[in-house]
Amino acid sequence: MGDLVRLLGFGPTGWGASLLTGAAMTLAVSAAAYLVGLVLGALGAWGKVGGSASTRRVVDVYTTVFRGIPELLVIYLIYFGGSEALSSAGHLLGSTGFIGLNGFMAGTLAVGIIAGAYQTEALRGGFLAIPRGEIEAARAVGMGWFLMLRRVVGPRTLRFALPSMGNIWQQVLKESALISVTGLSELMRAVNIAGGSTRLPFDFAIAGFVLYLVLTTFSGGVLRSVEYSVARGERGR
Amino acid sequence: MTEPVIVASGLHKRFGANEVLRGVSLTAQQGEVVAIIGASGSGKSTLLRCIPLLEVPDEGEIVIGGEALAMVERRGRRVPADARQLGRMRSTLGFVFQSFNLWPHRTVLGNVIEAPVHVQGRPRAECVAEAEALLAKVGLADKRDAWPAELSGGQQQRAAIARALAMRPRALLFDEPTSALDPELVGEVLQVIHALADEGRTMLIVTHEMGFAAEVASRAIFLDAGVIAEEGPSRQIFAAPETERCRAFVRRHMERHGRR
Amino acid sequence: MDELDFLGNTLLQLLSGVPLTIELTVGSVAIGAVLALLLTLLRAGSRIGALFVSAFVFVFRGTPLLLQIFLIYYGLGQFAAIRASVFWPFLREPWCCAILSLALNTAAYESEILRGGFASVPAGAIEAGRACGMSRLLLLRRIILPLAIRQALPAYGNELIAMVKATSLASLITLMEVTGIAYAIISQTYRAIEVFLCAGIIYLALNFALTRGVAAMEAWLGPSVRRA
């Protein structure tokens, strides 16, 4: 037992710092990926809802492909393929040698592109859930397009899309573990290294479980209170 | 005198702090059509549901066809004591619900033959033949292969009535059969119920349709706040009630629903 | 032409991994379904059972699948007791570890799907069954289970597709299913984009087949509660 405390602690033989740093990195890369996903999702939803038939088809291909293909493959594509593409682009511009995407960037992009596919459907669903009358009322009052977006459509889409958006966050948090294959020092990799070096993979896996559960549970709690406050007007007396 | 089909005696039923039935007794003889009327919350649905023990009364006895339903006290609550007896007894009663309660995953025919085949164990071919005859009787012969979701409310309720009849019940229990229907559809269901009454079936009907009840019932029970405030031949209850409360209730509802 | 040759070759090589992908998917989903059923029964059985199931679902849905695979493949080997037991020949095989961890993971999700299915059975349909004199067993068999399964089918189909994608993680514990072969080709040829294309097509085809299969099943079962 004392051994365990020493191992997880912050002393010279302790892995506590490494695990916590890994967890922080997990949070960072997840947040970055989620943001990328949000931007792509907003663009995708806009394309699907308001775009032409060909735009809709393009977005459909995007969502079908990136929701249907394993995340690991997408990470390989961005990490190896991205480096390949960047190096070629670099060659064209006269540089020599290899330009690589580092783990953080590749991971953020890969997980972000995948999240964007799900986010597109979430935001689209959220928008379609807005009762038509609310938008009609905004138009009747004379709101311009941009004002309507800012004051009615935006907030109401978020209100309805929030549960799905929350699920996507949890999904991104867990998917970030796959970025470990690029060598990024997030939590999964920290567990891997610690477990390997100490020959105690089980103990560190449990530690990893606990830390991930802390992250997902805390996120879940925050999401629930946001969902609660966003539905403020609808709860009745 | 032949044995009554249904005897309920001294029923008490409480939901939490709310005592819904406060000592109600009811008897249904063979061939009688008994209307149970009263305001919302008076306990009429609860009374009807006690008979097949869909609600278990806290006190009181239920006797069907001379056989008492066994009940026992378990962990502070009263529950049916003999599951086999209960199943057997229930399969001799046809219950028609306010919200029809057809099984969505079976066709109309499937709904009608489900209990005869699987509860009563009768041969399928015989049940199908009888089901088709019953469906024709309620005017749904052409809907035999339709799904419940495809039917209107009135059609669903008629199918539910056919389902109840398929079990060759000794009595039919109707729990506000038309309350969930659009006004235009009420008539077709009442017509079917009327025809069944004319056949001499034993029926207990909880209903708001005063005019219909007056026409079809031989006897009526007026329930008020969990007790029977008045009961008697339908001529009395609907045309010349003896108590003031009953008089006020019948008058109010006759005005609203009018005579048919 | 060289490009097309490469693509053709790659596709063929990747296709050889499809049987293993399907094996892992079917195996984990089948075992997971049985586990989910057991979990559902356990949950309904007792308070402690319900607590255990909630904890199980919480842990397996709240942590990455990769970590769960790591726990089983690497973690279990830490204990001498396990290494000496009769299970060890199985537990040290990547294939068994992959199926076990995938099954545990999907069981957590599937038990929630089942729970939703059961909750969606209309109370009226159950009451009508009781009123006809159906016994508890008959009610479960003829009314509750059929309706619960019909309602759960779409969600179950999504879980199946998620499982196909999840099998790709088996490549990280040496199994050569489609993603494992894809990685091998990429690390040799560095042509990630083409390999991604071929592997992607294979996975999309698998998903398409699955989606069609589930839709056919839904149609065959007839209408469900949702459409009523």
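Letters A, B and C mark the chains in the order given here, with residues in each chain numbered from 1 onward.
The rule is short, and it goes like this: a residue touches a chain if its C-beta (ideal position, glycine included) is under 8 Å from a C-beta of that chain, and two chains touch if they have at least 3 such contacts.
Keep in mind the model is a prediction, meaning the values are calculated, not measured.
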Distance-to-centre winner among chains (Cα means, whole assembly as reference): C
Give the label of the chain whose average Cα location is farthest from that of subunit C. B
Could you state the distance in Å from the CA-based centre of subunit B to that of subunit C? 47
Inter-chain centre distance, subunit A versus subunit C - centres from mean C-alpha coordinates, in Å: 23
Hey, how far is the Cα centre of subunit A from the one of subunit B, in Å? 57
Would you tell me which residues of subunit B are touching subunit C in their complex? 52, 54, 83-84, 86-93, 95, 97, 99-105, 114-115, 118-119, 147-149, 160, 167
Of all residues in subunit C, which touch subunit A in the complex? 58-59, 62-67, 70-71, 74-79, 161, 164-169, 171-172, 179, 182-183, 186, 190-193, 195-196, 199-200, 203-204, 207
Subunit C-touching residues of subunit A, taken from the complex the two chains share: 64-65, 68-74, 76-77, 79-81, 84-85, 170, 174-178, 180-181, 188, 191-192, 195-196, 199-203, 205-206, 208-209, 212-213, 216-217
Complex contacts: residues of subunit C adjacent to subunit B: 122, 124-125, 127-136, 138, 142-143, 146-147, 150, 221-225, 227-228
